[in-house]
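Okay, so subunit A shows up in both of these, paired with subunit B first and subunit C after.
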Partner chain A sequence: MAAVPRRRSGAGVRTTGTRGAGPYLTYLLPAAVLFTVVIAIPLVMNVYTSFTNWTGIGPRQWAGLANYRQLLHDSEFWASMWHSLALIAAMAVVPAVIGLIVAAALFDVIAKRFSPRVASLLRACIYLPQVLPIIVAAIVWGWILDPQYGALNVALRDVGLGFLARDLLGDPQTALATVMAVLVWFQLGYPVVIFMAALQRADPALGEAAEIDGATWRQRLWLVTVPQIRPEIYVVLLTCTVASLRAFGWIYALTSGGPGVATQVPSYYAYQSFFTNLDVGYGSAIATVMTVIIVAVSVVFLWVQRRHTAGDTT
Partner chain B sequence: MSGTLTSHRPAQHGLARRRPARRRLAQRRGPAAWLTLLALVVVTLAVLVPFALIALNAFKPPAQYAAHGPLSFPDGFYTGGISTFWDTTDFGRALWNSVLISGCVCVLAVLLSIFNAYALGIGRVKGRTWILGAFLIANFLPQEGLVYPLYDLAKEAGLYDTQLAVIIIFTVIQAAFGTYLLSSVLSTFPRELLEAARMDGAGRARILWRVVVPVSRPTLGVLLVFFFIWTWNEFFLPLVFLVSNQNQTVPVALGTLEGQHIMNPLTTSGAALLGVFPTIIFFLIFQRTLTRGVTVGSVK
Partner chain C sequence: MPRKTTGLLAAAAVALAGTLAACGSSGGSGGTSSSSSNVLKVWWYEAPGSAYQIAWDQAITDFKKQHPGVTVQFSLKSFDQMQQNASMILNSSDVPDVMEYNKGDATTGLLSKEGLLADLTPEATKYGWDKLLGPDLQATARYSPKGVMGSGDWYGVSDYAEYLTVYYNKTLFAKYGIQVPTTMAQLTAAMNKFVAAGITPFANAGDDYMAMQYLYTMELSQETPQQVQNYERYTGPVNFHDTAWTNAVNMFQEWVKKGYIAKDSVGLTATQAGNDFETGKNPMMLSGNWWAGTFESEIKSFDWGTFLWPGNTLDAGSGGNLFVVPKNAANKQLAYDFINDTLQPDVQKLLADNGAVPVSASTAGVTNPLNAQLIQNFQTVANGNGLAYYPDWPTPSFYNLLLAQTQDLINGSNGDQVLSTLQTSYDQYVNSLG
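The block that comes next holds the complex of A and B.
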């Protein structure tokens, strides 16, 4: 917290800037300009547009709350919001739970009783989908799940289970669950890597003490490990939740929101309103709702996290 | 967690330190331990299946695919699928565009992050908590909420369908994260170093370039790698902004082709291979940085 010295001793000291934080502010200048143009102005324009009717060409017509009123009665919008919850489950909750178990098993069992090298190798393989561009991963899955020539159905037919083969992405009953399964595959590596790093930071003595006291593996995981790595669990849940609300690429390449609206999500719905339906005001309203939800979720997460970490230290 | 970034400690170090304990445990490889290993190997193999399928089919002759399907082992080496895809999408061009955009963004975004973090982390300008909060929120904002006004502004500025527009936008988006991360790293920067440099008569700019930047080089390296890969993988904004073929990045070129539903299984696996290939290369080159730096999100 050392303050910037205002007077310098010694002669012949050449300095730029002699006052407190003033000169430091100049370093924020490029960012101030760029953030205003790329983030602040578009954000305000988007909110403004959501109160207008606009096709993207010509003048905007003030519409008040009409777009939002329409949203309230739009079953496709509500469907997309519910599907967002499903995607949060698939990208945040399920990977965090499985990731915790996998990370703990790799750390406690594989690294200690077999070899840390095997644990690193398995971790690297599980993380591999995370480095793929989403669109590439989505194309690969689209091909695997293709009803006619896709590898999954071909494999089922090859082993005599052809009656199980079906058009998973084309059937409204199974489309969302299939997308969710693919997302779990994609996302799992992220919590595994974060949690393994967290476990290395955590105090091993506590777990060993609990083991000597006869705690089962599950008890140790929930009562000793989880409280120790709580900050990382918050971060994983927050970043994965935010990521799941941006699942545009997956929906674009896998289902286009279909069949019907079975896999429609706000992100894709906004894109369609902007660039396909040319209903820019309505798309802006959807995007504004998304923005408000994401900002609210982030603020709540950060607040809870700060409270918990503050509670730990005092 | 910012410590993970600044330290050079390899991941296994913490385990190696407890070697005696490990040797003791190694003798207790009971059936439960073997079952755990088996379960994890099964999970890992399941994760790898799609990669195996790409590898199996990218070079498979079409006749064999038609006769024996995606699971048969290729009996020939056929590059037709890949070369068809390469030519129809002008893939070389897309690769170059991706390298150009990601390369510019990662350098510019790191520079911008350094400037911001210097003022916020070391300069401790007034209201820095709020400014940092704003950067963090900016990083979380959904691109859907910015895309149409940006599209509009770019059209007015004559930057629509240019790489420059995408470079500017992603420089700002990545720098929002970089600023947040780097500020918390620099707020623990050793004050003695700054004092010493100041005593020697160095000005603010000189201290930044000669002291702060060299000392935080490991963190900057992680940021550089991350910004490059994140920008490489971006799809939504490049899809909106880069409409003409000669400007498209790899994901956009792949995505628009998929959107046209003109892909057959062999071009799909060829395309997937070409799409996967660069990122696997990055992964192998940066593997240690990635697994070390993936925890950067968990800055407190």
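The block that comes next holds the complex of A and C.
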């Protein structure tokens, strides 16, 4: 990284700056207050509540680790954790892989053979689901997938493929896979846009050189382009993984975690425990566990990424 | 990425996850703050246009006539808003004087246990509410010190009742030559006729309260009143593997298998099931009398009526939602007067005329035969002490649990396992009560 030495040369200026840091620190104050009120205090309260039994009304009763012990033996919680892994696949892994291929195809093929405008138009179309409010998109998908009147089954019946019509969201065998498919549709636009921006940044000379050396399109994508846009891939994977662990709106509006617990996820389970089961302590315990997992995932991602980036610069 | 950013991103991740925990404190108490002695603050969450709203508007009008110097401040709330913020609202200084709240242990029972509601026992005697409401309806108005309904002090008053009934499409019944069934055998024969004609007899919603109410109604067919008390009020042991529950689970699954209830109703909501009845897709629907007003205004293409579930002496039902008075209410006396107004004949008549069941359960002057039928059927149930409350009342988590378990039953899960799951959860909660 060429920029690193230049940044270091600025260190002297920074040292001078710290002598009079007081005025600058005041600029941090609004953010610090917001952070304390919106994040730190609720987080501490949440962790504290997770060690209590509380209906949400009246005094909290200290329960020690009881809520966490209950979590260990709760099959619904473990089912929801497994479903989280499925959602990571649907919201992070699959969209990143397909997104990479689509972005490369738009950038290398469509933009060059047709015109950059066509590529931009297609990119916008693929990104469109990301602009929709989740609840609106989920309700519309609920209509499309309605077993009796839904567009999908009606269309299948109309073209004589009625035997394929299924209650996709109502059958525990297909419910999770269906939710995953909808999530891929929703999430795909995000990596495509990020990767297309990254491809603009990549050095075209490297690809051209590889092409002259006889590398195929797949080899160039995998061996030349991907290493260059690795930082963007990490960002996409990290943000999408965190988003998938927090996935709530889709489950809330599409399946309510059902049928049975076939599509239950921790965030929805925490919500149910909080507000309908009136077991606020237990809901807090689920939220706390998810917080720990999300922070751990983030730290691991960033650590791996830094190692790779450091490896690139040396 | 520079090291500093690592910390920031980790903090952001914490923030994102923390939001989940913090989302409980959204919303606010709303309303304007005024604790003057000539203001009555009334909150409820019944939809505009419903029988309750029409009747309670009349109660406000009556109240204003009796109290010329008093201003009534009414706010429309949502139940979720009330439930999620109840302790915040009721502990604040800006509380309503009288508000609607759900009946049952997990709602009004909980508020009463925590000392957030005023004890209405003296008023119940003074105004004669204890005479007006029969024992079945009093059950949901009175709560023990532990917050268990059925006995103890009065913490709320309902001015209407509700129960489950079968709605049926008279036009389709006539088309297939089917009489209103009075026995289970007749109902089965009727359903077989519909199935043979390619029609699913009953509308159902697996992703809502409906499916569990079918199961409970089937269970009630072999239940004794004492067992209902044990189940709802923890007065004795509850065995989910007894004949009543076992037969109910088997019967429910058999109904799905025979096509009396559609398998693909598993993911439907109550609104969708209601639409299926309204469009004539399903000729019958078991649900609460709260649908009557909607059907009366929306169904134009066929005649419909109601009948009680054949063969049952016990039916799901109870007093309606309660008017409660918060402990911190500024003008309790005005609140009591307002509650009393909701029980007066003119308000009760409006409830009856709009498809609700007034606590007086009087059909006098009710011109719409559909409404008169609803009230008569309620009388039949209530006179036989047959109100059996609702299946999800015993524990706060039973609604979600029963919903998921009935979905599993529709999808063919092992019935015995479902009953074991219910037993474990039920026992766990009852033990936690001490």
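Simple rule for what comes next: the second predicted complex is superposed on the first by the 295 of 314 C-alpha atoms of A that agree within 3 Å, B and C clash if a C-alpha of one lies under 4 Å from a C-alpha of the other, contacts with A are read in each partner's own complex, and residues count from 1 in each chain.
The definition used in the following text is that a residue touches a chain if its C-beta (ideal position, glycine included) is under 8 Å from a C-beta of that chain, and two chains touch if they have at least 3 such contacts.
If you're wondering where the values come from, they're calculated on a predicted model, not measured in any experiment.
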item	value
Partner chain in contact with A:Pro259 - subunit B first, subunit C second, else both or neither	second
Larger contact residue set on subunit A - subunit B or subunit C	B
Which of subunit B and subunit C A:Thr291 touches, first, second, both or neither	both
Which superposed partner A:Ala270 touches (first subunit B, second subunit C, both, neither)	both
Touched partner set for A:Val109, first subunit B, second subunit C, both or neither	first
Touching partner for A:Leu278 - first (subunit B), second (subunit C), both, neither	second
Which superposed partner A:Gly58 touches (first subunit B, second subunit C, both, neither)	second
Touched partner set for A:Pro172, first subunit B, second subunit C, both or neither	second
Which superposed partner A:Leu128 touches (first subunit B, second subunit C, both, neither)	first
Touched partner set for A:Val38, first subunit B, second subunit C, both or neither	both
Where subunit A meets both subunit C and subunit B, residue numbers	35, 38-39, 42-43, 45-46, 49, 56, 146, 231, 242, 245-246, 248, 267, 270-271, 274-275, 280, 284, 287-288, 290-291, 294-295, 298-299, 302, 305, 309
In the complex with subunit B, residue positions of subunit A that touch it	2, 4-5, 8, 10, 12-17, 21, 23-25, 27-28, 30-31, 34-35, 37-39, 41-43, 45-46, 49, 56, 102, 105-106, 109-114, 116-118, 120, 122-129, 131-144, 146, 149-151, 154-155, 158, 185, 188-190, 193-194, 196-198, 200-201, 204, 208, 231-232, 235, 239, 242, 245-246, 248-249, 252-253, 266-267, 270-271, 274-275, 280, 283-284, 286-288, 290-291, 294-295, 298-299, 302, 305, 309
Residues of subunit C touching subunit A in the complex	1, 3, 5-6, 9-11, 13-25, 80, 83-84, 86-87, 106, 110-111, 113-114, 116, 206-207, 263-264, 266-267, 272, 281, 396-397, 399-400, 403-405, 407-408, 410-411, 413
Interfacial residue positions of subunit A with respect to subunit C in the complex	35, 38-39, 42-43, 45-46, 49, 55-58, 146-148, 167, 169-172, 231, 234, 238, 242, 245-246, 248, 255-261, 267, 270-280, 284, 287-288, 290-291, 294-295, 297-299, 302-303, 305-306, 309
Subunit B residues within the subunit A interface of the complex	1, 4, 11-12, 14-16, 18, 21-22, 25-26, 28-29, 33, 36-37, 39-41, 43-44, 46-48, 50-51, 53-54, 69-71, 112, 115-116, 118-120, 122-126, 131, 136-138, 140-150, 152-153, 168-169, 171-173, 175-176, 179, 191, 195, 198-199, 201, 203-205, 208, 229, 232-233, 235-236, 239-240, 250-252, 254-255, 258-259, 263, 265, 268-269, 271-272, 275-276, 279-280, 282-283, 287, 290-291, 294-295, 297-298, 300
